[in-house]
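Below is the structure I would like to discuss, written out as structure tokens.
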């Protein structure tokens, strides 16, 4: 095929993407418990239990994000100005709260239930609170034993977080350890 | 759209999920070499070479699981009561055996072939045996040089396993090191 | 259904896979800025900005590979004989150059832009050059602060690379550290 023909064929792909964003946003706005003004969703976002999810204003949710729960409907509560990047998996079995202006980078995974050592056991819910202005790096793994991440904390790319993270702490590694303290950015 | 209309539209999604489970289970039961009683598959599971796969009774395979082989058909043999969680990738080029009641958590990847340092070389098959009652954590990476994981071992989330793991050992980190010994759970 | 019937039904799947490879290769060859002789693409490869991508001869790109850019079109330049395995994500916001005969293994992610600590800021492009004969292991994370990976370097599976890697170095871990030096393989 002639290149110019193919380039013309590609144009609609950009329009399709724009339309996909509009359609997905409309859908989630209609099915989630609550979505604030200006929040947008790319196509390919999946909520297992949409009626247990509330999202604030000005958020942006990328494609491939999945929100699932093993049992019940403890749910997910997201503040304003939150970004959740592509292919993030949020387990909301135990309940998950995410503060304003927090960013979760590509491919991170956050768990809120545990099975001890018996995978066939009833999942034990473990609520988790992530503060405001937190940055969770690419591919980070946040285990259920981490119950709280304080405001302004930074979680390094690929970190495996096994315990609570204090406000403003910078953690990294596997298992994650505190490697620094973030200067106060804003009050 | 009115919310109640949309909620009604969502109902069939749950039924569709149930039907998807039944249909996928029927399909894999018909195409795999052997599947034991009560084993179930979510939709979106992929076997490159289904006739080289045998699965025991009472297993549960989540969506996004992929079983692939670079060459030949060394195959996969899974015992009873095994859970393989979402987005796990099993490479069966060298042959892979998984014991009863073992759990492989979300996003783990297990390799059974190596290329030395020439990616275009013929893959060198390296058979791997994973024991019974093993727990492999989320996003763990099990390299081909790990040939055996003993019964009851626990592999931490995000661990990168480069060598054999003794029975009952708890390993974690990158590279994975032994950090504990599991108390005898059951004989 | 009778097993022989189902086995017959599966035959076309292999043919479909072959046809998929041919069709995807034709498509990318027509839309990318340049593709060398003999390079092939599996179906399910995605380029956000195909006209900024040039690929040499004899390359092989697996399904699930995504090439994206946050802004502009700094682009991607790949040499000859490069393999990019399944589910790799290349961010080309800052510009990415990959040398001949380099291999990027399954699920690796490579970033070329940074946001400092404000996720809503304009992305800061950071060009990255990966040499020839480099091996990037499974699930490795290459952060934007790593600007150069020298010829013949080896990046271990699951490594989180935060700085430059000298030619021939073997690095591993989280964060990645030099653990060895590769013997000269070829000149």
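Order as written gives the chain letters A, B and C; numbering starts at 1 within each chain.
Here, a residue touches a chain if its C-beta (ideal position, glycine included) is under 8 Å from a C-beta of that chain, and two chains touch if they have at least 3 such contacts.
Because the structure is predicted, anything quoted here is derived from the model rather than measured.
Asks: If more than half of the interface residue numbers appear on both sides, call it same; otherwise different. Which is it for chain A and chain B?
Replies: Homomeric contact, different residues on each side for the most part.
Asks: Rounded to the nearest 5 degrees, what angle rotates chain A onto chain C on CA?
Replies: 120
Asks: Can you give the whole-Å distance between the Cα centres of chain A and chain B?
Replies: 25
Asks: Mind pulling the chain A residues that touch 2 or more other chains?
Replies: Where chain A meets two or more other chains at a single residue, that happens at 139, 158, 174.
Asks: Please name which positions on chain B make contact with chain A in the complex.
Replies: My answer: residues 1, 3, 6-7, 10, 81, 83, 101, 103, 106-107, 135, 138-139, 154, 156-159, 172-174, 182, 185.
Asks: Quick check: in the complex, which residue numbers of chain B touch chain C?
Replies: Within the complex, chain B touches chain C at residues 30-31, 50-51, 89, 109, 111, 117, 119-120, 139, 141, 143, 158, 160, 174-175.
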